[in-house]
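The structure that follows is given in the form of structure tokens.
Order as written gives the chain letters A, B and C; numbering starts at 1 within each chain.
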Amino acid sequence: LTGARTTLKENEPCKRMVLYYHDVLFNGTDAANATSVIIANHSAISNFEFGMMVVFDDPMTEDSRLLSPAVARAQGFYFYDKKDNYNAWFAYTLVFNSSEYKGTINIMGADPFLEKTRDLSIVGGTGDFFMTRGIVTFQTDELQGDFYFRLKMDIKLYECYKK
Amino acid sequence: LTGARTTLKENEPCKRMVLYYHDVLFNGTDAANATSVIIANHSAISNFEFGMMVVFDDPMTEDSRLLSPAVARAQGFYFYDKKDNYNAWFAYTLVFNSSEYKGTINIMGADPFLEKTRDLSIVGGTGDFFMTRGIVTFQTDELQGDFYFRLKMDIKLYECYKK
Amino acid sequence: LTGARTTLKENEPCKRMVLYYHDVLFNGTDAANATSVIIANHSAISNFEFGMMVVFDDPMTEDSRLLSPAVARAQGFYFYDKKDNYNAWFAYTLVFNSSEYKGTINIMGADPFLEKTRDLSIVGGTGDFFMTRGIVTFQTDELQGDFYFRLKMDIKLYECYKK
């Protein structure tokens, strides 16, 4: 355990939250309900959307229902990045502005979403999450073609500087 | 204050700099003066530029004047990411190559620019800013439609490994 | 050395790997060999590809040969971001799934590739690289016009929490 200031125990985050992320991709006509938009179309290179990039402002809820109150918003982008199968990459911010939390959590990493679970890095935070670092585990909770998908995000902070 | 190696005091950064960021968006004819370019157009979803993405190489100055000597450059991208109002997201690097500093500071986060101030994460650094982490506070200093905006960036480092 | 939990010695990473990154840009017909795709074309602002954005899934090898077994994959994006000369910016993940390592390393930063070497930030890691931070030094190893380039990536971790 070199170069580390202390031991970090993977099974003992200093804070943990499980939230659901809902993405409704704009299809050209559903502006009222859509939460994300394609900004770059996929490449002709193959059939797994390689290169398609999406910008999103997606609600985060405490249970899995799309219409539950949003306790935070996920703002950022993802893109597909594999020739021979589905695979994605994300960079985004969880924005909290409620009576419970005010602040942001910044996240980036690979999302090989054909795998049952996959981990991304929490690279920083602000406000109530000042200077945080950690891991987010993604799990696909629902997938409806090109229209809607829901991710269960298990947010584990391992550096906590605010109570 | 668990999982932390020491206490970090939000009002006691180990280093602090206030710099001004100037963005002059290319309009198709002002190549000599422009510092940034649109790489993806906004979506038809609504009227707040949702999805518009810009790549920039913007000068950073010590005072608020656009033509002051640049003490660093900000290189990266931003995009607009809200349906019902203006909102943005940034990821970029501050590149220093002067007699005072040689190195880079890497930054990402949400920029809800209708708010008076907003915080982004300093996620790493190189050279004179080796392994830094911190917070940047943005404040809009000037906004001229689609043409020019200036941000005051209050750069606060809380991990400093070089003198 | 304030705000730091310990001293980090730039010449004493807790882990170090040198790997080669190979990028073969899709030209419209070489789908079988290409590893990356243009998702946004360069701006008309000047002649140095300002604004061109590429998404990649590039092999990482232990020696410099393109066809050596890939010990990891680099998944992410880069773009060109300078008006008056070549310059780039990267954000990506090194994905390891071998008998030696399972996990990811997340990286972002400026790539002024006309310079002999340049440093980017390792901002986080997962799996065998749980919560890592560090520096990657890029060096151009081969450059064949628009078709192929190879980078030597010297990966230095300064925070290591797994043996």
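A few comments on the model shown:
Note that contacts are C-beta pairs under 8 Å (C-beta built on N, C-alpha and C of every residue); 3 or more make two chains touch, one makes a residue touch a chain.
Just so we're clear, the structure is a prediction, and the values are computed from it rather than from any experiment.
Taking shared numbers over all numbers used, the chain B to chain C interface scores under half, which places it in the different class. If you lay the C-alpha trace of chain A over that of chain C, the rotation comes to 120 degrees, to the nearest 5.
The mean-CA centres of chain B and chain C are about 22 angstrom from one another, to the nearest whole unit. Annotation for chain C: residues touching 2 or more other chains are 5-6, 8, 40, 53, 91, 108, 123, 158. Listed in rising order, the residues of chain C touching chain A in the complex are 5-6, 8, 12-14, 26, 28, 31, 34-35, 37-40, 53, 55-57, 75-77, 91-93, 95, 104, 106, 108, 123-127, 130-131, 157-161, 163.
Of all residues in chain C, only 1-8, 10, 40, 43-46, 50-51, 53, 79-83, 87, 89, 91, 108-110, 112, 119-123, 133-135, 158 touch chain B in the complex they form.
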